[in-house]
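Written out below as structure tokens is the structure these notes cover.
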Amino acid sequence: MAFLELQNVSVSFSGFLAVDQVSLTVDKGETRVIIGPNGAGKTTIIDMITGKTAPTSGKVLLGGADISGRNPHEIAGKYKVGRKFQGPNLFDYLTVYENIEVALAGHSSILKTFLYRKNRAISDEIKTILDQINLYGKRDVVSTSLSHGERQWLEMGMVIAQKPQLITLDEPTAGMTADETYKTGEMIKTMMKDKTVIVVEHDIDFVEQIAETVSVLHQGKVLAEGSFAEVKRNPKVVQVYLKDDDEAVA
Amino acid sequence: MELLISQSINGLSVSAMLFITALGLVIIFGLMDVVNMAHGEFIMIGAYVTYFVTTVFHAPFVVSMLMAFLATALLGALIELTLIRRLYGKVAETLLATFALSIILQQLVRMAFGPEDKFVGMPLEGRFNVGGIVIPHYNLFLIFVAVAILAVTLALFYKTPYGMQLRAVTKNRSMAQCLGVNTARIDTLTFACGSGLAGLAGALIAPVKSVMPSMGSYYIVDGFLTVVLGGFASIAGTAASSVVISESVTVMAGYMSEITAKVLVFLVIIVLIRFKPEGLFTTEKR
Amino acid sequence: MLKEVKTVGWDKTIDILLLLFLVSFPLMTSLFRVEMMSKCIIYIVFALSLDILWGKAGLMNLGQAMFFGLGGYVLALSYATRDGVPAFMSGFGVTEVPWFMQILHNTPVAVLLGMLIPGLVAGLLGYFIFTSKVKGVFFNIITLSLASLIELFFTNQQKYTGGANGISGLPPLTIGEEPLSVLEHYYVMLAVGLLVYLFCRWLTNSRFGMILRSVRENESRLQFLGFNPAAFKLSIFVISGMIAGLAGMMYIPIGSFVSPTNIGVGFSTAVLVWLAVGGRGNLTGAMIGAFLVTWLESLLSEHFENVWLLILGAAMLAVVMFFPKGLVGTLLDWQYCRRVDRQLGDVSCDDGLGLMDGELATAKGKV
Amino acid sequence: MRNTKWFTGLLVLVMAVSLLAGCGKAEKAPDAASAPAAAEGIKIGVLYSTTGPFSISEKPMLNAAKLAIDEINAAGGVKGKKLIPVFEDYASDPAKATEKIKKLILQDKVVATVGTNSSASRLAVIPDVERNKSVLVYNTYYEGEKPSPNVIYTNSVPSQQSADFIPWIVKNLGKKVFFVGSDYVFGVTSVKKAKAMLEKAGGQIVGEEFVPLGHTEFSSLINKIKQAKPDVIFSAVAGDSVVPFYKQYQQYGLSAKDMPICSIATHEATVKGIGAAAAAGHYSSFSYFQVVDTPESKKFVAAYNSKFADNTTVTNLAEGAYHGVYLLAKALEKAEKYDGPTLISAFKGLEVDSPQGKIKVDPTNNHTWLQSRIGKIKPDGMFEIVYSSNALVKPEL
């Protein structure tokens, strides 16, 4: 059953059509990878799902509710959509521990921030997440002192702490070493096993590692959709990648 | 009716003066994100330069305009190189540093030249008399200079290589750097340019206003109001908002307290900003 | 609190030392200095009100004094109009105390309004600014302009405010009929100051405080975690305004005077300077800054005619240039770095780390 | 890392020193306070701003007070004791003035304070002067309202400035008068009193306008003046507004010949700023002008100019501070004890020969009987005295 549904959405920025009549359906529990050359509109689609950008036309439905054009905080809080940004987007001068603690679900209204008391359950939860992202040892370090890869993981941890029903990951492995990339793939597989996940990615090996279904975007339109193996064989996709973006395949 | 007409004509020269005093502030603030609390003191120094050039050395007023511009531009460059340079990107720190600077400059001038008013003569004496409405020549001169400054700065920013580099730096500093723009030099030039304009403003208001160490404080607030209405980095917006503010305040002041008029204008600005956050007259986005 | 969280930092030590110093201060000095110190405590409260706003939430209000002044004027008018129309009003043809001042004659109501009115102004201003897309520096400029306009407005509305002369000769606090002595005043101020301090500590240590810091660091990220940053900014703006209003009211019995200089740009900038000198983001810095600068100002102006202002300006410049995190902030950063260095050798902790004003060491010195 | 350590060391040092300085100063204080007040001299407070915008008027006043103190001490002091001035600068901030007056009274134990200039700072310090039963000698012309029993006012009140001025205007310049003033107590009260006098003198009020304090844009006001077509402008415009007012008055084509401004706040220093050309022909009324032709005045101006090379001008205000100190010295000479009430009563009826001539303190109301003069500004920027009362004018509140 379709959990997330994009119905003919378009986005234009002062005349430039970034996303053009895209329809996309993602089932509950599915891990969907969106690939495509630079400027294909991948990040814009994530922006729409998370409320950063409102679609110029078309609808975004989540679990049957129309969320197009709603505020980011509403989508994140009420509709439980988590987002990991392209390039780590953290609270810089907060510690690793605090970054996770801020993200914890269910304590986000002003009143609740006053009533919030840290109990054993909460601290266990944070410890579990920190263990999963291999940062428990550095829990009291400012996020700026982490390495790039660690920062990416920390943000994944924050997304998990949010307890979302839909997770969007925008190039989670950007700038990582091959080893780190692999670890990240395993993290996604274990931590987000039962969640609906949308991943935007360039790294083909990584895509192969995690993908169940792949959508290929090109110039704001869906070019192809299917399993990784199917997409890889699709001649249109191969052509686009050869023509437009050498580095992406590498 | 006659009052209304002559108030609106007065409003034009007041607008010109506001534009001239605010422009340097807008340039430094809008392009470099530096809230220059010492802007008023640059105006003051420009006025003092004018005093020395015209009253002490009896040189023509036009010379003093040039000298005021150059002297404050030089001072501005010096300050940029020694202080502001180290503080880019830190709004609070630049604000406090320039505030400290304003204290120091004001007190230095006070100690060097005394606390009392200095005299700067009126360079243009005559006035037109049209049906009972008097328009001093100097007011027309002010309006003319304001328009000229507007034209020159627009040309400087949009038609010269410097302007192009400057806009590149404001849009994307690191990219501009990569493309070989000497951003440090652009910063210095821009700060000097903004300071120089403040000095020029000082020269232009000296004949009709007080010339004394604390005079600068009267101009900075109206300057910021203009920025709020006109929007960041928008030179044309500054011109437009100077006219709107001065005209509405001057015309309303014919009928109520000028301060009440100012407060009303400001409240309207705040409400408008709710709906047009980039300022009223900005068309292009930074 | 959980075991792993060890809150140790010199800031707490400094706070306690400061408190001990303030408690014992009257024992070692003259009544005049005690009175000066009462004023200093009020300034400390005022500095705290800005620190929870600027230091914690990153909202640099350039017009904080407007809240201080509003609180001050409310209480001042409450006292001044109690025995009929005061001279500054009758001089302008006012024959009857207007209804909105008669309400103030009930002291608890006045005190309440002295906090509610600044809070309301903050709320309205905040609503217009925070729910629009106005960003960063614009907030500063708007608050600066507003403070200067309010100063002009209060100077202009002399019928009701006493104009440039302000309202002077306001009475000290009383118990029954007896006015409090200088010493009693001092300890009352100290007690109120301590309460405000404890409130601010509680506020900033709460989850609310943590979210404020997140607003400061990365407002847009916070939205995607389900928080509405505008609501948080609005609440802290109102809270900060109310505390500043409280400080303004505390000032009335000590200063026995309120004038437009208490409400305008000059005083607003003064409090920014205190925070910059002491270091913002940890309450200790604000308090030390307010304390140091006001004392330095008084002592310098007593000893150096004319040039004292130059010395003060140069000192401010030096702090901004060389200790951008303020004195306490630099100290706490250093302490934090040393600890991290010792415990996790692989974490580089040099100047490039760029901690926010010792924030970390303050909030959680738990390495 | 090394850098940080260095900084921190320095920082700790700075903090420790400042704290110690604060405490040290504080601890020293009781000794100074408990020392017998002025064993070898008499301490008086001198409270003027040398920093901030008020210094424009207060620096000359400070100079004049210094001059008077030095002269008195050179002549042997008071009862053989020297006057020891304690100078304090309140940085043009009335709130700071309240702190400084407390310091002077409580810490330095001065017997009296000479100082403050604007009404705002005077009114700010009065409660503390009264509460501590001290004495303030206030040397500026002011609105004459809410006088304090602990203050001696040595300069004029509106009745003194306008009592002779208004009838003279009606007689010599014209009946139709337009009133302008700065919108604060001094301006408003002065205009109110002058208007009453005008009606008594048979003149006609054709308009009345107030401009905010510190206002510098006068085009609107000048428009309104023109529409009212008066013979004379009576101006209580004060402070930073004076210079722009005259400059723009001329700029908009109004001349002293057709419509002179008669001011009670425009003195020699502001004339310098206006420029003689724009100022010439307008009138001011004061008890003292620099050109007053008495031996005391000549000596005072010469001594002032030789002693202070700081670009300041002798005005009515400076003379007020000068004779204020002389009055204080005389009162100290006369009083047996230096507590507030005794000292205040010692002032009553005192007479001194001041630069403006003989003046005396009223025995009942703490104000001073002064000369009344009207000066016309000459093309060289100095005043020409066109009227002199030749008798002391009573201070009426």
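The first chain written gets the first letter, and so on, giving A, B, C and D; residue counts start at 1 in each chain.
Basically, a contact is a pair of C-beta atoms (placed from the backbone, for glycine too) under 8 Å apart; a residue touches a chain by one contact, two chains touch by 3 or more.
Please read all numbers here as calculations on a predicted model, not as lab measurements.
Visitor: Looking only at C-beta pairs that count as contacts, which pair of chains has more of them, A-C or C-D?
Guide: C-D
Visitor: Can you tell me which chain is nearest the middle of the complex, judged by mean CA position?
Guide: Taking the mean of all protein C-alpha atoms as reference, the closest chain is C.
Visitor: When the C-alpha atoms of chain A and chain C are each averaged to a single point, how far apart are the two points in Å?
Guide: The computed centroid separation for chain A versus chain C comes out at 42 Å.
Visitor: Taking each chain's centre as the mean position of its Cα atoms, how many Å separate chain A from chain B?
Guide: 48
Visitor: Taking each chain's centre as the mean of its CA atoms, how far is chain C from chain D in angstrom?
Guide: Centre-to-centre distance between chain C and chain D: 35 Å.
Visitor: Centre to centre, by mean C-alpha position, how many angstrom separate chain A and chain D?
Guide: So the centroids are 72 Å from each other.
Visitor: Give me the residue numbers in chain C that touch at least two other chains, ranges are fine.
Guide: 152, 155-156, 306, 309, 349
Visitor: Multi-chain contacts only, two chains or more: what residues does chain B have there?
Guide: Answer for chain B, listing residues that touch two or more other chains: 107, 257, 259.
Visitor: In graph terms, nodes being chains and edges touches, is this line, ring, star, complete or other?
Guide: Per interface graph, the chains form some other shape.
Visitor: What chain pairs are in touch here?
Guide: Here the touching chain pairs work out to A-C, B-C, B-D, C-D.
Visitor: Tell me, which parts of chain D touch chain B in their complex?
Guide: Against chain B, chain D makes touches at 51-53, 55-56, 59-60, 183, 211-212, 214-217, 219-220, 223-224, 226-227, 240, 243-244, 247-248, 250-253, 269-270, 272-275, 277-278, 310-313.
Visitor: Touching chain D in the complex: which residues of chain B?
Guide: Contact set of chain B toward chain D: 2-3, 6-7, 10, 13-14, 107, 110, 113-122, 127, 129, 132, 134, 136, 138-139, 207-215, 217-218, 250, 253-254, 257-259.
Visitor: Give the list of chain A residues in touch with chain C in this complex.
Guide: Where chain A meets chain C, its residues are 50-52, 71-73, 76-78, 82-83, 85, 89-95, 97-98, 101-103, 105, 107-108, 110, 112-114, 116, 118, 120, 123, 137-138, 140-142, 144-145, 158, 162.
Visitor: In the complex of these two chains, what residues of chain B are touching chain C?
Guide: So the residues of chain B touching chain C come out as 29, 33, 35, 37, 83, 86-87, 90-93, 95-97, 99-101, 103-104, 107-108, 111, 221, 224-225, 227-228, 232, 257, 259-260, 262-263, 266, 270-271, 273-275, 277-278.
Visitor: In their shared complex, at which residues does chain C touch chain D?
Guide: Within the complex, chain C touches chain D at residues 25, 28-33, 35-36, 39, 87-88, 91-92, 152, 155-156, 158, 163-166, 168-170, 255-257, 259, 261-262, 266, 288, 292, 295-296, 298-299, 301-302, 305-306, 308-309, 322-323, 327, 330-331, 333-334, 337, 341, 349-351.
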